[in-house]
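Inspection log for the structure reproduced underneath, given as structure tokens.
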Amino acid sequence: MELHLINPNTSQLMTQKISESAQSVALPNTNVIAVSATHGPASIESAFDDVIAGAALLDAIRLGEQQGVDAHIIACFGDPALDAARELASVPVIGIAEAAFQLASLVSYRFGIVTTMQKTLPASEHLLKRYGYEHLCSGVRATNIAVLNFEDLQEDVYIRLKSECEKAILLDGAEAIVLGCAGMSKLAHQLTLELDVPVVDGVTAAVKLAESLYQLNLNTSKKGLYSSPLPKYFRGRYEHWSA
Amino acid sequence: MELHLINPNTSQLMTQKISESAQSVALPNTNVIAVSATHGPASIESAFDDVIAGAALLDAIRLGEQQGVDAHIIACFGDPALDAARELASVPVIGIAEAAFQLASLVSYRFGIVTTMQKTLPASEHLLKRYGYEHLCSGVRATNIAVLNFEDLQEDVYIRLKSECEKAILLDGAEAIVLGCAGMSKLAHQLTLELDVPVVDGVTAAVKLAESLYQLNLNTSKKGLYSSPLPKYFRGRYEHWSA
Amino acid sequence: MELHLINPNTSQLMTQKISESAQSVALPNTNVIAVSATHGPASIESAFDDVIAGAALLDAIRLGEQQGVDAHIIACFGDPALDAARELASVPVIGIAEAAFQLASLVSYRFGIVTTMQKTLPASEHLLKRYGYEHLCSGVRATNIAVLNFEDLQEDVYIRLKSECEKAILLDGAEAIVLGCAGMSKLAHQLTLELDVPVVDGVTAAVKLAESLYQLNLNTSKKGLYSSPLPKYFRGRYEHWSA
Amino acid sequence: MELHLINPNTSQLMTQKISESAQSVALPNTNVIAVSATHGPASIESAFDDVIAGAALLDAIRLGEQQGVDAHIIACFGDPALDAARELASVPVIGIAEAAFQLASLVSYRFGIVTTMQKTLPASEHLLKRYGYEHLCSGVRATNIAVLNFEDLQEDVYIRLKSECEKAILLDGAEAIVLGCAGMSKLAHQLTLELDVPVVDGVTAAVKLAESLYQLNLNTSKKGLYSSPLPKYFRGRYEHWSA
Amino acid sequence: MELHLINPNTSQLMTQKISESAQSVALPNTNVIAVSATHGPASIESAFDDVIAGAALLDAIRLGEQQGVDAHIIACFGDPALDAARELASVPVIGIAEAAFQLASLVSYRFGIVTTMQKTLPASEHLLKRYGYEHLCSGVRATNIAVLNFEDLQEDVYIRLKSECEKAILLDGAEAIVLGCAGMSKLAHQLTLELDVPVVDGVTAAVKLAESLYQLNLNTSKKGLYSSPLPKYFRGRYEHWSA
Amino acid sequence: MELHLINPNTSQLMTQKISESAQSVALPNTNVIAVSATHGPASIESAFDDVIAGAALLDAIRLGEQQGVDAHIIACFGDPALDAARELASVPVIGIAEAAFQLASLVSYRFGIVTTMQKTLPASEHLLKRYGYEHLCSGVRATNIAVLNFEDLQEDVYIRLKSECEKAILLDGAEAIVLGCAGMSKLAHQLTLELDVPVVDGVTAAVKLAESLYQLNLNTSKKGLYSSPLPKYFRGRYEHWSA
């Protein structure tokens, strides 16, 4: 299958890391097409970044649809513009937060989330409520490590991340950990080994879910919320969206 | 006060109608500065439209901040990009759905929402949940009238709207009506008289709430979720947002 | 407009303070008519006080209706007898807790409540649930200062109140503060300045909301829950309510 | 035990009916002391009636405490002033709605409520939420029979009540019925036989729960919400409550 | 009445203790028939134990029905197989957790639960949600005392239990205590005296509720969820259930 | 991988159908080991059936663990004994309802459930609440087709099932369908084609999720709720579980 992996921030380095992570778990016949947003913020750490990156990533969704990909992954833990993307797509669109919550809840009763900046905590809470996992989450913890620090994973970044995971387990009762940033993807395996609980990364989780839907012939419903938007006129910067 | 009234769609005609409606209730010393989005969709009727318009309206927020306005109103019932706008603003930002819910709940126990297209119903449900008014809403009804039909209000548009309001009252138990589109603003008064229940329009409601906050010297908290986004680099279409 | 400000406790001194606070924010053509309850407890600090004061304040609602006031404010943070008052009134009735929650949620994502006695905490929780603001409240904190200590605001009262507000911000993540007693009204402005977050007082908030509804011609719906009570016979102490 | 059965309306005829119903299920050594409110409305059918009757019934609670009763029952389906009454009482206070919900949920998965006037439906919803039985209720139905029509039970009243119960079972999926008015108490047994589902009356349910608590030596906790109100000064009509 | 008290674990000693506890509060004409499960685990401390014991106790339910008992009590705090038991029974079936929650909520606003092993905490949370008492519970605390340590109540067991109750009151704001294990039944009275808050034991609570339902002629509804299972073929170990 | 597919009812015919369905979507290197319960009911259509089958299937879980399987699937829509099975297992255990909810929510905003007997509706509601999908479900509909009618799929069974799916789409607003019985597994594909919305079958969904977890090296957390049960003595029919 053609799997469209969209990093909605513009960091090429991060796209490459995420792509490697995705490829490491993809099936042999899955072709991972990893792209960065061509517009927008270098990283997504606020509601503002999220809105801008959300608008930008929809271009990638359309491009992927035109290329005939079989599924899209939005590789940012805020799942930006997910509903909008599903309106545009005929194939499945998967957010990595959603994917991580699903798999984490299959292997634990309560998972904890360990994420980047303090300021993103409400975003995680929104996602938990949106998808219905509030009662299955033991708490959300911020490392206060900026997203781009995960481009090249220094030792101290790993240590701080692991330390916050340990607090989630000991203090909050987390039975599994969800990593709250696509940039942390490559650390999941080592953390699973060292922490002795399942550590779930949304990028790899989304890859497997996309393959699952593909193999089951399940595509985005075009009845109801995810039906195609009415064609209309767009001005200025968005004129290319005009019908 | 300088009151920044942002129509996030690009219809000048609608902006003018909304502006007239706002001015009709504004205090004498309130200067309503009505603007249309310079980019984006002609109307907002899907999650896709909402994301694009949301990104576009943030330019207006920044411009207003630079001009020193005293409050912003986002005049689209989906309250697009509200949290992001609050991050950018030092003064209050008010969404018209939020404003309408607040005033409707002061004069009724359960209000009904009457809105435009069927496809926007989940968006209304999201807003009710986001603000906490789910249990105070008797139901959301679509007229299936497209937003731009409210640019020039033909008689049949009024009749269909009123008919759906009556169903909300009789069948759902609505004790007040919230109008689910900025374009309906001018119809609130006549509907109130004819339906004999309070009919609340978010545009005029937001004007009064903005004046209220201004007179009480209450501005957006810059602690927590609405603190300013970290400055960073933006690419391409959004380069003007770079630090 | 004629604005009926009802202090449901019998402390004249507190009524005067509240009245001054209301007048300081009222529009020039708003005439604040401040009254104390003529029956009932000196202060409201329990469910018992609340029930007695609730019954007593309904006399004031009726008197105000007969005088043709344009709105009523119930100036006690428990919003006693609010639904009953709305049944009796043709014009809006606003509780100060409800008013404060509304404005606080326009300028913050999560507000904290700082109130009087420990014993009133469940009452605040009831109000949050009744109005739908549970998920937008970071916590309720008691100062254990009795209501009547706010009649004359001693320095130490201010210090204890401010200290509890600081804990709400630092420990609970409050981004704004709602003051949980009408008697605290005059302190909101100074606290806003010193704490650097919006501090919302329900009395002044309710004044602005009452003016807003008046200017929008929105009155209490008489369909459904707030329709007038059936006339009937009342005995003894309440015979004056007989039809 | 001395069981204090308080009818919070002033209808002596209804008090007598309720008393007979209570005595028919009381244990031999339970002495039912049935009293009417000496003040307040002839019947309770609105939030307004509820507030007035609530204030009035607290006198009965105090009198009962002075007489050394072993438990109080508030025999009106709105459970008026229940929290306030528990503050005043050292022995248990039981509301009949609460009692009926408890026993109904022991013999069914989902119960329906059949009550008096349409206008009281929100009150039933408040009670369901207050006590936590929302998800166990299949719906609330009004007969639109006024409370005092239950003083002398005419045949047509029974027929309308039974008809609404049948709708609750067939249309809403009720597996048991809770009768939503103390005045319906005597009809529970016949309805149970004819409808072939458990029909629970709150008056008799409360009698058994009061006896249960008495035999288990369980009394109202005086720690927390139900601790005694602070003594204070009361004016006018409520001077007898002054410390 | 014939009251069938089923201890779903196989400890005869615990059955005897529970039986004594039940008899100490039963009415003179209540005949307590206490039985142990003849199959299954010695104690119930995990979801696994709960499933096995649940299947085993259904034999006891059937036997009791054949003997014509008037009510069944499931005397394990997890209320195992309660819905299944109600399907089999024509008379009421009461779980001791459910019973304890009901009576505790009549004498307090918020109760705390003090239970056995840490691992059973989620089970208590499930029960609170199932019955609707989540918002009325101040928290669940584990003593980490294994169930069978309550067979013979050593002094140190009592001390640890009491200490955890005190924490529930002081730290969590519990106004009453629910004992989270049938084996603690005999300690409720002494704890009530020493802690000065109501301490509710589910075994004795269930006895009184069973008597209450019996005296009110209320039996399990056979409409809806609790209708009898369709007869069918069962294999192997469960062949005796075949139609 | 070795994938242990447990049909918790004893119908060999159904096990075979489910096995074929699983194999049709499994990866080439997935070895599906399909087993029927050796004890228990021929079909699972009540809480009673669910408890008995739940106890019986735990033997299969233990057997699979001893054989070193890589994941277990519980192929009954009630997800019987799921938490207990996870306590026993070191590898993942997946319920088919949980699996279907997850994949359905990736391709629709609101899914409807179409299931077997009316009597199982509350069970579906429990599952939706347990997993957090209540707000994403448009409703649960019963076909009143008994489970074993799905052993050999007659035309009329398909017609009734499809008709109920159509009602879910048209009347309830379902955007996708979740099939509420393992026996319906083979019909998902044809229904998807004919109804033009995604129709999700839990058996095939669970196969893909099990493969996903296996490829990601994610296993059941043994910290917290799913830690192994304490070894203890079991009597009679369950003696083989003794430590």
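Labels for the chains are A, B, C, D, E and F, by order of writing; each one numbers its residues from 1.
Everything that follows uses one rule, which is that a contact is a pair of C-beta atoms (placed from the backbone, for glycine too) under 8 Å apart; a residue touches a chain by one contact, two chains touch by 3 or more.
Quick caveat, the model's predicted, so the values are computed rather than measured.
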Completion exercise
Matching B-C in over half of the residue-numbered contact pairs, the equivalent interface among A-F, E-F or A-B is A-F
Exercise for the section: Just send me the rotation angle from a CA overlay of subunit A on subunit F, rounded to the nearest 5 degrees. Expected result: 180
Completion exercise
Rounded to the nearest Å, the gap between Cα centres of subunit D and subunit E is 27
Fill in the blank from the handout: Taking each chain's centre as the mean of its CA atoms, subunit D sits from subunit F at a distance in Å of 44
Problem - Touching two or more other chains - residues of subunit B - result: 83, 109-110, 122, 224-225
Exercise for the section: Enumerate the contact residues on subunit C facing subunit B in the complex. Expected result: 25, 27, 83, 92, 94, 98, 102-103, 105-110, 131-136, 169, 173, 175-176, 189, 192, 196-198, 200, 204-205, 208-209, 211-213, 215-226
Fill in the blank from the handout: So, in the complex, the side of subunit D touching subunit C is made of residues 10, 37-43, 45-52, 54-56, 58, 81, 83-84, 86-88, 117, 119, 122, 129, 146, 224-225, 227, 229-230, 232-238, 241
